[in-house]
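Dropping the structures in below, format is structure tokens.
In the two assemblies presented below, chain A is common to both, partnered first by chain B and then by chain C.
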Partner chain A sequence: MAGHEDSGASKKKTADSSNDLPTFNAENLQNNMKIIYYSRTFLSIIGGVIAGILGYTGLTGFVFYFLIMAITSLGLAAKAKFSIHSYFDCWNRLLLDGFLGGLLSYVLFWTFAYDIVHIF
Partner chain B sequence: MSFGFMIGVFGVLILAHAAYSTIQYRSLLKILEEEFSGLPMNVVGELLLGLVFCMWAALTVPGKFLSILPYSEENRIVSLPDNLDFMVFNHRGKVFPSKMDLKLKR
Partner chain C sequence: MAEDLVLDTAIRDWVLIPLSVVMVLIGILRYFVSKLMRSYQSPDAKVVKEGQVVIRARSLRAAANFIPLKSFRARRAYFSNEENGLLYVPKGQVPNAQAQMFSDPNMAMDMMKKNLSMIIPQTLTFAWVNFFFSGFVAAKIPFPLTQRFRSMLQNGIDLSTVDVSYVSSRSWYFLNLFGLRGLFSLILGEENATDDTQRMMQMSGFGFDPTKSLSAEKDSLDIVQHEWALPKFEQCYINSLPAQEGYSLLFPLFS
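And then the complex of A and B:
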């Protein structure tokens, strides 16, 4: 990761290399974050419905949520063509953002689908 | 509507059908008075198919990632100066070679 930043910095002019502060296009970064939130929220809802239909209860459902989010992270990294640093400023943006908010949607739709399919 | 969006709708419909099949399977078990141990294989396959379709939709529908690096090719903005009306190119200076580059970066 550090090597990538060094190669990017070497392309800049020599006048800019004096300050090491990395500059980003904030508007495009915000656009990328919006895309990540969209994907994670939608897949949390879908994962919750699937866990409810499968009839998972307790810890198994949460393990399933982690699995879904891991697959989502992998898919998003593949969408960014695995060159994370040209689209995000750090890996945590891709791996962790939207995780807790997605968990709440997941639990909501998990219990909803479980109630409809298995209890009523 | 885009192609990815249609895929997502199809995936949700598959999930709805899988839920309906599960409800019917539960009621059948209730009639036969057996215990619920697990879903039949075709419903599990349907769920996996719906998950794959929805995953496809979730990754393609929201749009493309844009590069955040300020010096990348996509972020280059070529702009012209504002006083174009006052520019005169047809003067005596045009016989000399000029090194003017209008490629301005922001």
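And then the complex of A and C:
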């Protein structure tokens, strides 16, 4: 998880403001997407453990998952200093990419922590 | 119906935790074994050459707007010229390459090895779970499910009044199977052998790729509309300079 600190690999931008040809350095873009993926996975695991310890059941747990994903998006946007277009090509990538990918890991660790703390 | 069962602590110690730990360890083991067993076949020279030509054509397409029109046309003719252009593949040669790739024994062996290395640990672990850990309630999932899931999740437990949230260890195994993929991608670096559908597509694509992708590249190169982006740069730069007298004489304008 060494990529956490460095989510700001800058891409090439055309130095000109009048013609709108955004050029993307594909390698940096891919690196940034990978960092989003790692962050979301890690936070969904941690969120699952927290939800289990706090004893959320049912709908509250799922609402907590979406809350965690929203916090992840906010954190990533803040790390990119809110100038999204110099790090990603559109907003949707940052907000929605991998949104549901962490759900299964979240449920696993939620079940695990919940059982260990509350049932046994 | 919704009373809380009190479950034995021994179940937690001897079922939940060992099962998860075993699955994580098997995943790590499988990753290293597949790394060791990966036989590196020396790539065919022709295939590599075609791949590089495709990459060149793709870069030309991507950066087409940064070179003047004539240069772009010259390069494009070099690629897609009918007689000796690099991307032009005569029709007779097409089926040859495909048939050869398909029946290549090395590639078939590789694919089979990857498939086996994925299926065998899963099957063994599943059989182990079924043998040792059946017939009792293993865990409680924190969210309620409908009655239709009962047969799927509770197959070792023969009481029908137990809440559906109390599941057997088989469903704990499946939950682990899907949930640990995220963990593996974190601790084992890039996406590894648990996601081998991607690699299978890549391997089978390699056999068909050289012939189809050449004509595909040729077509997409023919489609490109060239619009030179550069001439405006100088004008904009000049416009952005402060309006002093000496400056306009210093920069000749290319139109």
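Everything that follows uses one rule, which is that the second predicted complex is superposed on the first by the 98 of 120 C-alpha atoms of A that agree within 3 Å, B and C clash if a C-alpha of one lies under 4 Å from a C-alpha of the other, contacts with A are read in each partner's own complex, and residues count from 1 in each chain.
Here, contacts are C-beta pairs under 8 Å (C-beta built on N, C-alpha and C of every residue); 3 or more make two chains touch, one makes a residue touch a chain.
Please read these numbers as outputs of a predicted model, since none were measured by experiment.
By the touch criterion defined above, A:S105 lies against chain C but remains apart from chain B after alignment on the C-alpha atoms of chain A. Within the superposed three-chain model, A:I116 lies in touch with chain B and with chain C [touch as defined at top]. Judged by the touch definition given at the top, the superposed model places A:Y56 against chain C, while chain B stays out of reach. Legend: residue contacts after superposition of the two complexes on their common chain; A:I71 is shown touching chain B, with no touch to chain C.
With both structures placed on the common chain, the touch criterion links A:K79 to chain B but leaves chain C unconnected. Of the two partner chains placed by superposition, chain B and chain C are both touched by A:Y38.
Residues 38, 42, 116 of chain A contact both chain B in one complex and chain C in the other.
By the touch criterion given at the top, residues 4-5, 7-9, 11-12, 16, 20, 65, 139-144, 175-176, 178-183, 185-186, 229, 232-233, 236 of chain C touch chain A in their complex.
Chain A contributes residues 8, 11-12, 23-26, 28-29, 31-32, 34-35, 38-39, 42-43, 46-47, 49-50, 53-55, 71-72, 75-76, 79-80, 86-89, 113, 116-118 to its touches with chain B in the complex. Here chain A touches chain C in the complex through residues 1, 14-19, 21, 37-38, 41-42, 44-45, 51-52, 56-59, 61-62, 101-102, 104-105, 107-112, 114-116, 119-120, going by the rule given at the top. Of all residues in chain B, only 8, 11-12, 15, 18-19, 22-23, 26, 36, 39, 43-44, 47, 50-51, 54-55, 57-59, 61-63, 65-72, 75 touch chain A in the complex they form.
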